[in-house]
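Structure provided below as C-alpha cells; questions to follow.
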Amino acid sequence: MLETNNVTINFGGLIAVNNVSIKVQPHKITALIGPNGAGKTTLFNCISGVYKPTSGEVILDGQHLEGKRGFQINAAGIARTYQVINLFWKMSVLENVLVGMNSRLKASFWDSLLSTKKKREEERRIHERAHELLQFVHLDEYADAPAASLSYGKQRLLEIVRGLASDPKVILLDEPAAGMNTAEKAELDILLNKIIEMGVTILVVEHDMKLIMDVSDYIYVLCNGMLLAEGDPDKIQKNPEVIAAYLGGDE
Amino acid sequence: MAKLLELIDFHYYYGNIHSVKGINMHVEEGEMVTLIGANGAGKTTTLQSISGLTKRKGIQGRILFNGKEIQTYPGSKVAGLGIAQALEGRHIFSKLTVDENLRMGAYLRKDTKNIKDDIDSVYKRFPRLLERRNQLGGTLSGGEQQMLAIGRCLLSRPKLMLLDEPSLGLAPLIVKEIFIAINEINREGTTVLFVEQNSKIALSTAHRGYVMQTGEIVMSDTCKNLMENTEVKKAYLGV
Amino acid sequence: AAPKTEEPKTEEPSKQQPETKEPEGEEEPSGETFRISTYLQLSGSNAEAGNNAKNGIDLAVKYINENGGFNGAQVVVDHYDTTGSTEEAVKIVQKVLENKSADAIIGSVNSNEVSACISYINEAELYNFGLGTSATWMEDQSMIWTFRASANNNRIAPLDVDMILELGYDTVAIISGTDDTGSSTATAFEKACAEKGLTVTTRQECDTADTDFSGQITQILATDPDTIFMSLIGDTFGPFVKQLRNMGYNGMLACKECFSTAYQEVAGYENSNYIAFVYPYVPYNSVEECTIPYMRSMLEKYYAEYGKCPTHESAYRGWDTMMAMWEASKIAGSNESDALREATHKVKIDGLGGTLDYTKGDREGYSAFNSFVLVDGQNILLDEWLSSGGYEAYKTATGRDR
Amino acid sequence: MNILNIQKKLPLIVGLAVLLCALPFLVRFVAGNQYPLLIMCIILIYIIAVSGLDILFGYSGQISLGHAAFFTLGAYTSGLLNIYFNLPLYLTIPAGTILATLIGALLAYPASKLKFHFLSLATVAFGEITYYFLYKSPGGFTRDFKGINVISIGFLGEDYLKWYFFLLAFVVIVLLGKTSLIKSRTGRAFISIRENTHAADGMGINVRKNKIIAFAVSAFLTGLAGALYVHLIKYISPETSMQKQSVLFLTMLLFGGTASIMGTIMGVVCIEVLMEAIRPLQEYQMLFYGVLLLIVIVALPGGIYGGLKNVAQNIRKAALKRLGRNTDNQKKVEKGGEA
Amino acid sequence: MFKILLINGLIIGGVYGLIALGYSLIYRASGLMSFAQGDMITLGAYLGLTFYSILRLPFFLSFILTFACAFIVGVLLEKGVIRALLNKSVLPIYIVLATIAISYIIQNATQALFGTTTLRFPQVFSTATLTISGITAQTEAFACLVISLALMFLLHLFMTKTKFGTAMRSAAMDPLAAESCGINTSMSTGITWALAAAIASIAGMLLGPMYGVYTTLGSVVGRKGFAGAVVGGYGNMYGAMVGGIILGLVETFVAGYWTGTYKNLIAYAILILFLFVKPTGIFNEKAIQDV
C-alpha cells in the first residue's frame, strides 16, 4: 500500500539514504530498524514530506507523494509522530487532537467566522470524536491540561492519538517506546495492535528489540543508508549481518 | 567511604506543583548509583537540581557535595565543582560542530594540553562521531546526539557524573557499549549517578539503586537485592 | 547699522478697563486670567525650534504680565508637546477646544502641524497665531481666525532670487527638504527663478531625518551651479553644509532662513562661511553683538532668564506673536476672541525684525526683509558686505570668480 | 448545552451591556465636556486595530512592526476616495478596509515564509515604504506631508456620544467574530502554527495558506479601524504609518496580554488613558511612558491580563492551601490530643 | 561621478555596518533582538561629548571612558531588565518591547539632561578633507569605515575562534546545556549586551563629529543598521558589514543617479524585495522557516 522505490537522499554530499525500496503491507505492522544514523528518521521525513528525495519515488495506493508538502501528504492519508516529541505545548491535550483532525474538516473560513450551523455541528462532532480518541489511550482525564504538563510517556501517547485523529491510512511512528519503562512498553504493545484493528497500517522505527520482535509482521533493516536485510522477525533475529551491525551478541 | 553527594529532605516545587517530596539519598565516592522509576517520578528534576539547572527558588532541603551545601549555586558554579551532567533530551548545541560541542564540554578545564587527547579518546569510543566531527550538532541523528551528549559530559573530567537516560534512542549494540563505557569510567575513578528506564541493564551495571515513585523514594538497596525484589521485578523488569 | 527699525514706541503698561468684560459663566474661562494653549514640538527631531519658541513665548508673557497683562488679566500659558506628530497636535487641539480651556491658541513652529489643526480652530472660532513659516496654511483665505507674526517663506523666496541675481549669479541648484516648509519654499523659489531669469540647474530633495546627502550633493555638483539654495529643516542643515564643503564645494550658499548658531555648531564654523539669506532677523552669539535696540533689549531679557541667547530664531517668533496679541488686546479693550480678531487687523507695532503690520488685511505681520550674509560667524547686511569689499575677499579666499 | 451556557452568563452579559451603555453618559456628566468621549471612541477604534494585530501575532505568531501601515491605508483610501470622487462613506470605508486586506494578503504571500526577525524587518520596511509613499506621492495625490482633512460620518457628526455607540457596535461584532474564528479549525490552525510550525505542517495544516489568512484578517481589522478613525478625527497624516504608531499597537497588545479578548481591551484602555494622563508632563511624557512601560514589562511579563490572572490564581491557591494547612493542623492537634 | 558615489556609499555603508555589528552581536550571542541599539549610539555620543567637550579630557581618555561607561550601562541594562525577563522566560517579543521602552527613555532622558540643541562634538581628526584618487571625503567618515572593518574582523574572530566567543554562542543556543558545561550564561549575556553597547558608543563617538549630537541621532541610522544586519545574514559579522555597505551603496546610488526624494523608499523597497527573493541573507543564515 505504501512503498518507496529507490529513494536516495543526499545532504550536500552525505548520502543519508541510499537507494532504499520498502513496501508496507496494509493492516500490518512493518518495522524499520538499524544502527544510529542509519537513515531511518530521514526516510520517515522523506515520506512525510519534510525532505524531498534526491531521487526515487514514494507511492501511497498508486498516488505519487514525492515532493509534496507535509500537509498534502497528511491529507493523502499519512500521519506521523516524531523522534523528538513535537507537540503544541501550550495548547490543551484536547486541542492537540483537534488540530490533528484539521485536514478532515469541511467548515470553510467563512463558516468559522460566522459560526454557521455547519461549523457548530462539525465542532460538536469532532469534540466527541476527540474525547473518544483520548479515552482510547486513557488520556481523557487530562483533556484540558496543557500538553507540556504531561509526563514523557503520556506525551508520546498523545502524539500517537494526534496522528490517529486525521484518520490516516498509514501512521509512521518514530521510536514510540523511547523513554518508556517496561510496563508502559507492554501497554504500547497492546495499543499498536488496537491501532491495527482500527484499520490503520503502521510503519514503526524502534530500538527496543523486544517490542519490535513482538509486534511487527515484517522488518526492514537499514544500515549506513542502505537496506541491509528484510524479512519476518525470526529471520531477522538470526541474520548474522544484522546481529553484527545492530543487535550485538545475545547475552 | 566518604559521601560525595548527599540529598537531605529534598523537595522540589514547580510553582505549585510539588514534584519531589522530601527525598534522602547519597552517593559515595567511587560509587555507581542508579535511580529508576516510572515516568514523571521526578528523576530528572532531582538530577537537574543537583546540577543547579532548575530554578533555585523551587528547592527546599539541602544538597551537599563534598560536605558543602550547593543547593543555592547556579549551574555554572556547580559545574566548576566537578559535577557534569548528560541531559535528558540531549541538549546538543545545534549550530556548533561536533568538535566544538566536545570542546565546550571542556570549557572549565585548565589543562588545555590534555583536552586534545580526551577528545580523541571520545572519538575512539564513538567512531560514529569521528566521521561526523565537522557536522553541525543539530543535524545529527538522534542516537549520534546521545553519544555526543555523553562524550561532552566526559570531557569535563568530572568528579561526579550524572547521566539522564543515557540509553535513550540508542541501538541495542550501542547501549551495551555505553554501559561498558560507563563501567570503565567508573572504574577509572569517576563517581556516577544515572537515571535509566531500561531497569534491567541499569540494575545489572550499578552498585546501588534507588527506586522513585511520584516524587518519593520507595526503595533503596544494592542492585543485587533490588533485582531479586518481587515488586521491582514486577514493575520494572517485566517479569 | 541696523535694519529698518525704529525705537519701539510704547512700553508703559496700558491702563485697562475691567468693567468692559463680564465673565459669562463656566464656558468662558477668561476674567482673572487669559489662558493660552500652545502646541509645540518640545521633543524629537525639530524640538530645538519648539523649545526656543516656548522660551520666547514664556519670556514675553512674563513681560506682559509684569506690565498689566491682557486688559488686566494675567496671561497663563499651557504648553503641550506634539512630539513632532501631527496626529498628536490634532488631538491636543481637539482636547483644548472640547474642554474650552483656552482663550487663544498659539500653533506649532512645524507648519505641518499648523496645517492639520488650523481648520478645527477656525471652526471653533478661537483666536489663533501660527508660528510656522510655510506659505501653505496662510493661503486659505477662509481661515480668518489665524494670524502670523513670523516670516512667510513665499514672500522671502522672490527676494532670495533677487539677492542671488544681485550677487551676479546666473545658475542655482536647489536642495529641498520633503517637509511642508522645505518643499513649499523651494517651489516658490523655483517659480521666482523662472520669472526673474535665474536658471535652476537641478532640484534635489532629501528627507527630514536624513543624515547622508552625498548622492544629492554629487548630483548638484555635477551640474556645476554658481550657487546653491538650501530649503531644508532643522537637523539637516548642519550635516548638509558640512558634507557639501567636505565634498569640495567652497562657494557661496543661499539659505531660506538665517543659518542659526545651532546649525553652525554642527556644520563647523569654518564651513558656515558665505551663506547668504533673506530674513527679518538673525540670531546672535552674544547680546553685545546685537546693535538693534529693541532686539537687544529682548535679548537682554532672554539672557537674564535663560542664561544664553536664543539658539533658534523661533524664539523671536514666539516673542513677536505675544506682542502682537497684546497690542490687539489693548486695541480691542476686551479679551473676547471676536474682538481680538477684529483688533488684530489694526495692529501695527515694531517687531524684532522690523514693522509688524496687520493693516493690509492678509493676517501676515512681516512684509519687509533684509539680506544678510554669514561670514566668520557674523551675520552682516549683504549691502554692507558688498560695499566693504567682502565679495572681493571671498573671491580671493575661495578662488572662485563667481 | 449552548443555551444553558448563555443562560448562566446572561446576568453577566446584561450587566456588561448596561454598564457599557451607561458609561458615556456618566463620563460626560462627570467631565462636563465631550473630550473624554472622544478618547473613549479612540479606544474603541484601537481595540479593533489591536484585535487585528492580536490575530496576527497573538494567535498565529507572526510579528508585525509595520501594522500602522494598514491602519493608514484604510484611512487614506477612505478619505481620498471621498475627497476625489465624492463617494459616500458607506462605500469608501469598506473600500479602504478591503484595500488594506488585499495589500495585507499580498504582502503575506512572500512574507509568510520569513522567520521571526526577518519578518519583523520586512514589516518595518513595509511601514517605512508606506510612510515615504504617502509623504511624497507621485503627483502629490495623497496631499503628501500635509495629510488629508476629511469629513465626518454624516449622521454622527461631531456628536461623540453617537460615535461611541456606533463604534461600540463595531467592536462587539468584531470581538464576536474574533471569538468565533479562534474557536474554530482556523483558529486552532493559527495557534498550532505559532506553537510548532513543523508539527502543524505534519498534522495536515497548510501553513502558508493559514498564515496568509491570518495576515489578511489582521489587515482587515486594522484597516477597518483606520477607515473609521480618519472620519472620527477628520484628519490623517503620513506620520501615522511610522514605526511609532506600530509600536503603540504592539505595546497595547503586549501590555494587556496576547491571545485573549480581555487582554487586548485592557491593554488599549490602559495605554490610551495613560497617554492622556501624562500629557501635562509635556516633553517628559515619553520618558515617563518609557519608564512605566519598562516597569510593567519587567514586573508583569505576559501583560496585565496575564498578571491579573496569575494573581487571581495565586490567591485562590493560597486560600486553598490555607484551608489545607488548617485541616493539617487540626489533624496534628487531634493527634496531639490523642497522645 | 561613479567613483565619488562609490566612495561615499562605502563610507556611509561603513557607518551602517558598524551599527549592524552591534545588532548582529546581540543576536549571535544571546539570540535576542534589541531595538535600543540605535539609541545606545546616541547615549555614546552624549557620553563622549561629556568627557571630551564638557570635561575637556584628552580624546583618547574620553574614548576609553566612554567605552567603559557604555560597557557598564550595557551590563546594568542586561542585569536590570533583560536578565529579569529571561529569568521569567517570557516570549522574546517582550524583550523587544522592553528595548523599545529603553529607547524612549534614552531619547527623553538625554533631552532632559542636555536639552534639544544639537550639540557640537569638537573635531577630533583634522578638518582637512581626505582625498582618495581625486575624490574628497570626510576624514571622520573614512575613519569610521576603517574602524568598523577592524571591529568586524575582531568580533568575527572573537565569536568563532575563541573559547569564550564559542561559549557565548552556546549560551544563546541552549542555556541549559551551557550552564551544565560550566558556562555562566548570565555573565555571557551580560557581556554580550555590554559589548554591544560599547560598540554603539564607538559609533556614537564617530558619528557625533559628523552629524552633531542630538537626541534622535541614533534612531534613524539605527534602523538602517538593523536592516543592514538582517540583509547580510543576521548574526554574521561579515554579513553585518556587507549588509550595511550594500544598503549604503544602494542609497547613495539611488540618490546620485536617480532621485533623492525616493531614496529611502527605494532603499526599503529593495530591502523587502531582497528578503522575498533571497531570504537567506548574503551569508546564508537561513531566513525562511523549514516549512
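Letters A, B, C, D and E name the chains as they come in the text, with residue numbers starting at 1 for each one.
What we mean here is this: a contact is a pair of C-beta atoms (placed from the backbone, for glycine too) under 8 Å apart; a residue touches a chain by one contact, two chains touch by 3 or more.
Since this is a predicted model, take the numbers as computed values, not measurements.
Student: Among all the other chains, which ones are in touch with both chain B and chain D?
Tutor: Of all the chains present, those in contact with both chain B and chain D are A, E.
Student: Farthest chain from chain D, going by the mean of C-alpha atoms per chain?
Tutor: B
Student: Round to the nearest whole Å and give the separation of the Cα centres of chain A and chain D.
Tutor: 40
Student: Taking each chain's centre as the mean of its CA atoms, how far is chain B from chain C in angstrom?
Tutor: 75
Student: What whole-number Å value describes the gap between the mean CA coordinates of chain D and chain E?
Tutor: Going by mean C-alpha positions, chain D sits 32 Å from chain E.
Student: Provide the list of chain A residues touching at least two other chains, using ranges where the numbers run on.
Tutor: 50, 69-70
Student: Considering chain E alone, which of its residues make contact with at least two other chains?
Tutor: 107-108, 111, 261, 264, 290-291
Student: What are the residues of chain D that contact at least two other chains?
Tutor: As it turns out, chain D has residues touching two or more other chains at 132, 136, 198, 200-201, 207, 283, 286.
Student: Flag every residue of chain D that touches chain E in the complex, lowest number first.
Tutor: 57, 63, 110-111, 113-118, 120-122, 124-126, 128-129, 132-133, 136, 197-198, 200-201, 207-208, 243, 247, 250-251, 254, 258, 283-284, 286-287, 289-291, 293-294, 297-298, 301-302
Student: Would you mind writing out the residues of chain A in touch with chain D in their complex?
Tutor: Residues 48-50, 69-71, 74-75, 79-80, 82, 86-91, 95, 98-105, 107, 109, 111-115, 119, 123, 162-163, 166 of chain A touch chain D in their complex.
Student: For the complex, give me every residue of chain A touching chain B.
Tutor: Spelled out, the residues of chain A in touch with chain B are 11, 14, 34-39, 41-42, 83-84, 151-154, 175, 178-186, 207, 209, 245-248.
Student: For chain D, which residues count as touching chain A in their complex?
Tutor: Chain D residues touching chain A: 177, 180-181, 183-189, 191-192, 195-196, 198-207, 213.
Student: Once bound in the complex, which stretches of chain D touch chain C?
Tutor: These residues of chain D touch chain C: 32-35, 38, 132, 135-136, 144-147, 149, 233, 235-237, 239-240, 244-245, 279, 282-283, 285-286.
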